[in-house]
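Alright, structures below, take your time with them.
After this come two complexes, each holding chain A, first together with chain B and then together with chain C.
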Partner chain A sequence: MLDVALVLLAACSWIGASLLSLSGKLDERWSRWLGLCGALVGILGAGHGLLGGVPSRLDFPFWHGTARLESDALSAAFLLPLHLVAGLGVAYGKEYWPLNHLRGTGRSLRFHFGLLVAAMTCLLVARHGLVFLLAWEVMAVCAFFLIGTDHELSEVRHASWVYLVCTHTGTALLTAMTILLARRSGSLLWLPIPAGPSPLDGWILLLAILGFGFKAGFLPLHFWLPSAHAGAPSHVSAMLSAVMLKMGIYGILRVSGLLPAIPRGFGAALLALGALSAVYGVGNALAQRDYKRLLAYSSIENLGIIGMGVGLGLAGRANHDPWLVALGFGGAVFHVWNHALFKSLLFFGAGSVLHATGTRDMEALGGLASRMPRTALLLFPAVLAVSALPPFNAFLSEWFLYRGIFASLSSGYLWSAALALVALAFTGGLAAVAFAKFYGILFLGTPRSPAASHAHDPSRAMLLPMAILACLCLGTGLAGPLLLPSLDRIVAVAAPGGSVPLGPGLGTDLRFLVGAETLLLAVAFTAYLWWRRALVPPGRAEFRPPTWDCGYALTLPRAEYTGSSFSDAWAPVLPGLKARIRRLTGNFPKPVAFRSEFRDVVGERYLGPRMERLAARLLRFRRLQPGYLSVYILYVLLALLGAFLWMGLRGRLLG
Partner chain B sequence: MSLPSLTVSAQWVLHLLTLLLLPPLIPGLINKVKAVMAGRSGPPVLQLYYDLAKLARKQAVFSRTTTWVFLAGPVGTVAAGLVAGLLVPFGHTGTPLSFEGDVILFAYLFGLARFLTVLSALDTGSSFEGMGAAREVAFSALAEPALFLGFAALAKASSSLSLSTMLLGSGLGSGRMAGPLILVLVGWAIVFLAENARIPVDDPNTHLELTMIHEVMVLDHSGRPFALVLYGASLKLLVLGALLMDPVLPRAPQAWQNWLLFGAGLGALAVAVGLVESMSARFRMTKVPQFLLAGILASAFAFLLLLV
Partner chain C sequence: MSPDLLIALTILSNFVLVATSRVNKAIQIAVVQGILLGLIPLAMGLGRHPHILLMVAATIAVKGWLIPFLLRRALREVHIPREVDPYVGYTVSLMLCALGTGLSLILAHMLPLKGGTKEILLVPAALSTLFTGFLMLVSRRKALTQVVGYLILENGIYLFGLLLVEDMPLLVETGILLDLFVGVFVMGIVINHIRTAFDSTDTRHLAELRD
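Presenting the complex of A and B:
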């Protein structure tokens, strides 16, 4: 009872916070504190569940039956990042998006933010198809309003509408899945289905992967994601990317955990899909000029990596390989946590930069490390973590996945593991390129515009959440072995009866790994101290000349390497990136311009024009909408008549 | 002189001493070979030791554009190189630090060193160094899959994810492994040349900044940080060289013989690199990706041969 009560209390606090923010009389502080309380209670509840609390449940009558709320380790695994990021987001949002910012959009932002958190909390504890779908829908609609916060910009409006259409397509698939699941198990309650093969299993899993895949942004279903994340306020982007996308992963894990057996082929397919998403996401992240879009594409990459883990786990279940199940699901959940930590840190940092400079264009920035030293220092762990470099957290979760991929290779039944291996290695390399670009162009060098040269660090209220996340990134990287028991509990829920504990097989290696990472830090610190001793000889002033630059005394910011030229080597393999260059001709050429633009291959190049054509054709039906009330009443009458006719004739027609 | 069989701790001490002290010798050897091939007498073999000692006494000059990130490159390169050196076996002599999955740490440590070097190059704000950084990340992203596919092939062959078992395991001796092993070594030789910025990928001696990759990134370093850069580069030669030689080094009955074999192998590798540098020119920049793709393909074929 304890966990689920705590979680419900957290949800209630968030709802209360969102309602309080509507009141014009009360001080904003109350709503914020209530939200923070909710976050704290949620973290407590989730932490208790992860540290070995027994799953607790609450049954209540609902729609001709009983519905169940239950908090187990799998729910807790997703509740933890949800409440952590939400709590830090509320603290960050106070300064980042003040209540009266942009004609009072702050109020709507706070209202929907609290509601979004409450909806996701309910979704994670729901064990009833209808309750789940309701919570899912509230989450989707809140996210729509949050993405459209800055609704006076047409690109933001467009992004939020595209998101709304996508999420509802996903919901339609999930509704179908819920119906099939109810037919399979005989009730809307989500209980483990007793063993016994059924042809429905494959369909349920397919619909789950498609429907939840829309939310998780797997490859062809990702196109709503970049503009939505780029246009939303930064702490909302953090919330969407670090938590909401993961609801798709949660859904796949939860629904597949209900099924008694996994049909063959799904694991390998999801592994391959995740591998493709990862490479596609990181490749496109390289091409971006807008640094928030870069982060959004990197989310597609990371969700692909998580998808690879889930695919490995499903393959392990289908092939009755408990070690592979543990490595796959364990690695996936671990990466969910890590991605939540470093991606929210990156979005908070991007928000600080946006706050200080007012531009999302990378090429207008530069040199922020000396102007925003604290932000630059706090983002440094995040860029190392997102490139999966040791000693930070994401390296450990990718290490789990490598172990899983090699395990499936050496048992020799998973061909897509070979693809996944190459993809994971290549993704790591490309992520390093993308984030060297992100950090290098934003923070290093000299400023490329006045906006950048006058930037300054944000206040402590915005820096503190970032500092907490940065410490957690390093801490999780060094405390990996301590997390194994919690991961075991989660995997046991995601794959009931089909997994082995990670500890005996992985514990020693992981301790050695963490030891090597600690050694790395120690050696780096020693090398730093050695340099430090020779910093400036006493009695001599420090000499700071301009950059040598092969003898050019004046370094012009205009001559600096830009982000586009940094990633130019990859331009030929990025189909979304199109450059228009006019050649110089004649003896006295006219001035020419160079222009390059990026449009997503699936969303903007393929679907966009087709959708516009479809919309133009559908305009024909406008004739049915003449604007007279009497005509509409006629429609109602016709519809009723039709329904009666169908009811009367059905018996005769169908026998 | 005949040594008794060495104890484990003595092996570790030897490993550590080799790792710390030997690296600057390798560039010296390579340069000597190049000089002899060109008919010059060349700098002494110990030149890099002298250079390091000189740089350690010099004051570092920092451009006013740079921040603390500028220092992360040299410091990170050395730290990553030293830890990677503890993971890789120096011939059949035992590894101080070995566990299942250390090969992934090994590969990612080089990624870390590269990432930090690139950031410290971008920190100067110089367009030359930006150009070098862009080339470095582009080429190394191609070198990485070649390295990994080679690891995958060896992991598949030895059913292990630990470097010492993979590189020195008994499975390598069988006839079935000969073909894949040659392919892996070809792939890794290309990675070795690319990662160490040697001809034909990069020219460590050129003074034309526009054609350089790795050297151009460290143009602004001086004093002790530059000493760390040079030392880190030689460390990389040793560690990746050990990786390349391990599968072909025979196992001798005595520990001291194994050490001698390793030293001889390292010398042979340095001579080979010197010969390649004397006899070939640097590729045009556009050719380099093709060269690296050849490395990927070689490793991929090795992997495929073992997979079926």
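Presenting the complex of A and C:
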């Protein structure tokens, strides 16, 4: 009861915060503090659930039956990042998007932000099909308004409409899934279904993967994601990427946890899908000029990695291999946490850069490290974490997945495991390149435009959330062994009756890894201290040489390496990039221009033109709407006559 | 008086209505029809129920006095005595009305209705009045005649409701009457606004408002 009460209290505080933000009289502070209170209570509730592991529930009458709210370890695992990122986001948003920013959009932003958090909180504790769908829908609609905050830009409007269509398609699939689930279990309550094979299981799982896959952004369903993340305010992007996408993962874990057995094949399919998404996402991340789009594509990559973990766990359940289940689900949930931490940090950092320079174009930036030193310092851990480098957190969760895939090699998943292994390694490498580009082009070199040369660090209100996240990134990486019991509890919920604890199998290796990392970190830190003391005598200013670039000192900013030239070597793996170079011809060639543009293969190149053609065809139906009242009444009359005739003739026609 | 006579008179008034071009006359016919409809429950011998008596009084008061009052006032304000060129001419309207009445006689037999009503003309008359109302709404151009069409449409629904009059609660009937009154009231205001906005009450101008 305690956990559910705390979680509900958190949801109520968030609703209160969102309502308070509407009031013009009250100071904005009240709403912010109430939201922060909600976040704190939510973190407490989730933490208690994770540490104690006893599910607590609340039943209440709802629509001719009872509905249940339950907070178990799996809910808590997603509640924790939700409230953490939401709380930090509220604190960050105060400076980043002031209340009267852009003609008062700040008010709508705050209102929908609070409502979004409350809806996701309810969604995570709902154990009733209708309540779940209701919360899902509120979440989706709030996110639509949040994405469209800056609605005077046409690209933002377009992004939010595409998102709305996608999310509703997903909701339609989820509604079908809920109906099938209700038919399978006999009620709308989401309780574990007793054993016994049923042909519905496969359909339920398929619909769940498709419907939740829209939210999670698995490969062919990802196309709404980049422009939505790029156009939204940065702390909202952090919220979407770090938390809302994970609701898809939560849904798959929750629904598959209800089913008594997993049909064979789904695990391997999800593993392959995740692997493809990861490679596709990171490949496209490399091609971006817009750094927020780069981060969005990196989210696709990370969701793909999480999907691989979930696929591995499902394969383990189908194969009755509890060790594989523990590694797969454990690794997936661990990566959910880690991605929430470093991706929100990255988006906050990107927001600081956007706030300072006003442009999302990487090619206009550069040299920010000396102008925004604090932001640069705080972003560095996130860049290392997203590249899965030790000693940061994502290294550990990917290591879980590597262990899982190696374990699955020996249990009959030869092909999918081999593919996943290669994909995971490839993804890690490309992610490192993509983020070397992100960090290098943004922060190193010399400024490429006046906007970048006049940039400065944001205020403490924006830096503090980033500092907290950076510490958490490092802390989670070093505290890996302590998290194993919580992960065990989560896996036990996600795979009822078929898991083994991670501790005995991983504990020794994990402690060794973390010990080695700590040692190296300590050595590096001591070396740094020694170096400072030995090489920079106190009292003398440090000599700063000009930026060294390709072996030439003192280059012009426009002769610098650009982001595009950095990723040019990887052109074969960038499916969406099109470069146009006209050849130099003749003896006295005219000036030629180079142009490259990026269009997403699925969303913009395949679906975009087809949708436009469809819309043009549907315009023909506009003729049905002439604007004359008489014609509309004629339609009513015809419909009425048709209904009468049908009623009269039905008996004769059908016998 | 037998109810069938009243119902037949109602059908006849439909014919007069579609054939007339004068707005004032159309309103008069609508009043006559409203009073006829109000009397039908009494003729059916339902006078013993107090709630039906109440309903009869309300119907006659609203359809025979209140609505015509509103319509005449609107007519005075806009000064349009005639419907000049309707979408469908008067002769054709008359023929369509006859066709509709014939069709409703056929349809009434085909509809799967509860048996046991004595008045065999009730359902055909309801359908025919409904059809006439629609015809006027579709074929007339002036807002005021369209309102009369709406009135006739509601009369058809009322006639249909008489089938169930003994089982239908007073609340439903009152609701329909109130609905009608509000509809006409609002239209009376809207007509005036159409006139001031477009300098005419021709509803064709409303097409400019579409997106």
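Please note the rule applied: the second predicted complex is superposed on the first by the 597 of 655 C-alpha atoms of A that agree within 3 Å, B and C clash if a C-alpha of one lies under 4 Å from a C-alpha of the other, contacts with A are read in each partner's own complex, and residues count from 1 in each chain.
Here is the rule we use: a contact is a pair of C-beta atoms (placed from the backbone, for glycine too) under 8 Å apart; a residue touches a chain by one contact, two chains touch by 3 or more.
Please read these numbers as outputs of a predicted model, since none were measured by experiment.
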Between chain B and chain C, more extensive residue contact with chain A: B
Touching partner for A:L520 - first (chain B), second (chain C), both, neither: first
Partner chain in contact with A:W399 - chain B first, chain C second, else both or neither: first
First, second, both or neither for A:G651, with chain B first and chain C second: second
Contacts of A:Q625 with chain B and chain C, given as first, second, both or neither: second
First, second, both or neither for A:L637, with chain B first and chain C second: second
On chain A, positions contacted by chain B and by chain C: none
Complex contact set, residues of chain A against chain C: 625-631, 633-634, 636-637, 640, 644-645, 647-649, 651
Residues of chain C that touch chain A when the two form their complex: 87, 107, 110-112, 127, 130-131, 134, 137-141, 146, 203-204, 206-210
Residue ranges of chain B in contact with chain A within the complex: 56, 59-69, 71, 74-76, 78-80, 82-83, 86-87, 97, 99-102, 104-105, 107-109, 111-112, 114-115, 118-119, 122-131, 133-135, 137-138, 140-142, 144-145, 147-149, 152, 155-156, 159, 161, 209, 219-220, 223-225, 228, 300, 303, 307
Residue ranges of chain A touching chain B (in the complex, touch as defined): 366-367, 369-370, 373, 376-377, 380, 384, 387-390, 395, 398-399, 402-403, 406, 409-410, 418, 421-422, 425-426, 428-430, 432-433, 435-436, 439-441, 443-446, 508-509, 512-513, 515-517, 519-521, 523-524, 527-528, 530-531, 534-537, 540, 543-550, 555, 557, 559-561, 565-570
